[in-house]
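Which chain is which? They are A, B and C, in the order written, and residues in each are numbered from 1.
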Amino acid sequence: MFELLGIPPQALFGQLLLGLINGAFYAMLSLGLAVIFGMLNVINFTHGAQYMMGAFAAWLMLTQLDIPFWAALVLSPLVVALFGILLEKVMLKRIYHLDHLYGFLLTFGLALIIEGSFQWKWGSSGAPYPSPIPGGTNLGFMYMPNYRAFVVVAALVICLATWYGIERTKFGAYLRAATENPTLVRAFGINVPRLITLTYGLGVGLAALAGVLAAPIQQVSALMGTNLVLVVFAVVVIGGMGSIMGSIVTGFGLGLVEGLTKVFYPPASNTVIFVVMAIVLLVKPAGLFGQSK
Amino acid sequence: MPETLLKVENLQAWYGESHILHGVGFEIGRGELVTLLGRNGAGKTTTLKSVMGIVEKRTGSVRFEDREIIGRASDEIARMGIAYCPEERGVFSSLNVEENLLLPPVVKPGGMSLAEIYGLFPNLEERRRSQGTKLSGGEQQMLAIGRILRTGAGLLLLDEPTEGLAPVIVQRIGEIIRQLKGRGFTILLVEQNFHFAATVADRHYVMEDGRVVDMVTSADVQQNIGKLQAYLGV
Amino acid sequence: MTSQRNIAVFLIALALIAPWFAYPVFLMKALCFALFACAFNLLLGYAGLMSFGHAMFFGMAGYFYGHVVKAWDLPPELGLLAGVAGAAALGLVTGALAIRRQGIYFAMITLAFAQMVYFFCVQAPFTGGEDGLQGIARKPLLGGLIPIKDDRVLYYVVLAIFLFGYVAIYRFIHSPFGQVLKAIRDNEQRAVSLGYEADRYKLLAFVLSAALAGLAGATKAMVMQFATLTDVSAAMSGEVVLMALVGGLGTIIGPVVGAFIIITMQNYLAATGEFVLVIQGVIFVVIVMAFRKGLVGELTDWWKSRRSAG
């Protein structure tokens, strides 16, 4: 077998795969954050908690109701999205007229409530979720667990479908237009408040979907989204929230950067994304895909 | 005058603390083309916005097809059959020309088809895949007008469609507005450009300080030209 | 203004006799958090910049203090100085980057940097990782003159530090510099067109706020005799926001009130574990939905309306 800079290919490709998987989650989550921010003017701090809820709902469905993974993949995001819609209707919609700061603080408080309650009810140690596609394939240069391959492909498909939905469909045209000028879109006869509610549901559903996909890879625990959402904030600052494709590319790209760092300089793997953020702020403050203000 | 389509009485409106409209009243018959004339700040744009339901606070009465619409949300008003073309045109930069055209939903049968709209504005068809805001000012204005013709709305509110455009384009827009009237659209037009307004409208309402102070029919414009010029400061 | 003066005299008298009625360590802890919250509020209330990463200054200063006093065996004064200087330096670097974006991005960037510092502290050898720095001895101050082993003696030292920080903030806000800062907060473009270099003012406010947060963190390490990951965590950054919010953003006494309320609450709820988080979350939600001015702000409004009505 060949070696690359003294790194055995097994380790290199293994970490790259892990990076790609993390990147898939970054992409899905930052996509949801960007879509929500565009319409609601709120940075959804609850995003990590909703990701966790997605994983938890799938786990509860499996252990309490014998609902298999494939059904949970659809049901769990729906349930969590409905919960999000409720939050939007009861609370978020009352603060759109205020400074962004309040939306941030409100959703931060909601995240504390959700994560604290889950921790209180189920503890913080986490529960395993059995892989729905066990086994793997030996590709020669590495061993590829089947489920992980599925996650990468599924996340890519979901991201591209979201891109298509926003950039190429009628609903997406409404979304884009309402992001620019909600008053005018409403004066054309479109029920913009309902559009906003649906958008929040969509973004939250994406986070929950990422959570379901993550369940068989990570432990399902109350705090699985706590740190993740902070990394995703950095991803969003790096990519800028103006472009859907930008969010996807930045998410996957940063996952790979993280994976490579784990191979070549493991101690920095946790912090490398923040270092990238610092560099981007120095070089292109508006973000890689952002328009300068 | 034909059957009344829109009747506005004692309309008052506010932006924040400032009281902009102090009891506006006018009416438009079905198929008519009526202008609101007046100097800058007279309240013309606010009147359109109040009819459309997009000012923060408004009181009085706005009746459309004999139904009171003053308390309704703007999307509801739009779905009753009123379409609005704002002064700043409101062309969306994240949508291409065709997406812009197809954005307003069809609210009633009888609107124009996309092909008919392209027939009216051939430039737009050539540039259908361009980003909305990459168009010239005249093209953007045509897009903003063309966009609201599909919806089946019978009443068009046009806010200064000639503003900042070259004379040739102003002329073209005049022709289009006359064609639209010919097709049966009822049009409420806000204009600063009196000479343009005089060539297209049936009647003119004159606004001053948030009120309608006078009404002149097209036929009487010549006799009243001195008075109108005094109102408009031209 | 005499009523304000009376209140101030009353509060200082109360602070002086407090350790005979309340547990001094609790009071000192609350004072440290009060200073921390005031430092945070200086930035948000008067410069309009919401940092969601202020724990990095508070927590790192604790580590600096601990390292200087424990590993290098130097006197506590130098530990405090190291805490302040270290936090200010960290503030200079992160602030210079964060002010390149505005509004909500600023909050996200500071949060991200704080998370980076947190991960750094988990791994760096000098922080003691998950265990933190434990058993930092309370060595006497001023070359042996002030024996801070005694809680009540230390209390007066902490009170003096708090008052120093509080007065520094007060003076800063009322200086010409503070006025420019407020002008930038209210309308940055206008301030820039008047010739003020907004970014330099913001950065200086950020560094000052970081330094005072560092002073609070180092003092807390001196009192509690340990420095741990809790104080650099995102949860701590959120807690200080909560303190300022509960008391009232942009009021100078608000954060002090907020800090005492939150610390008292934590004291009583410590046994309930995760429930502290839930309750903190509920407070966030209730304040944002209903009492955005905070306790002091709402009380002041109520007082004013009562006066004008009566």
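As a convention for this text, a residue touches a chain if its C-beta (ideal position, glycine included) is under 8 Å from a C-beta of that chain, and two chains touch if they have at least 3 such contacts.
These figures come from a predicted structure and were not determined experimentally.
Taken as a contact graph, with one node per protein chain and an edge wherever two chains touch, the assembly forms an open path, each chain linked only to its neighbours along a line. Taking the mean of C-alpha positions as each chain's centre, the chain lying farthest from the centre of chain A is B.
Note on chain placement: the centre of chain A and the centre of chain B lie 44 Å apart, centres being C-alpha means. Measuring from the averaged C-alpha position of chain B to that of chain C gives a distance of 56 Å. A straight line joining the Cα centres of chain A and chain C is 32 Å long. Residues of chain A in contact with two or more other chains: none. Chain A meets chain B in the complex at residues 170, 173-174, 176-177, 179-181, 183-192.
Chain B makes touch with chain A in their complex at residues 52-54, 73-75, 77-79, 83-84, 86, 90, 92-95, 99, 102-105, 107, 148, 151. Across the complex, chain C is touched by residues 43, 91, 94-95, 98, 100-102, 104-106, 108-117, 119-120, 124, 226-227, 230-231, 233-234, 236-237, 267, 270-271, 274-275, 277-278, 281-282, 285-286, 293 of chain A.
Contacts from chain C toward chain A in the complex involve residues 50, 52, 97-98, 100-105, 107-109, 111-113, 115-116, 119-120, 122-123, 234, 238, 241, 245, 273-278, 280-285, 287-289, 292.
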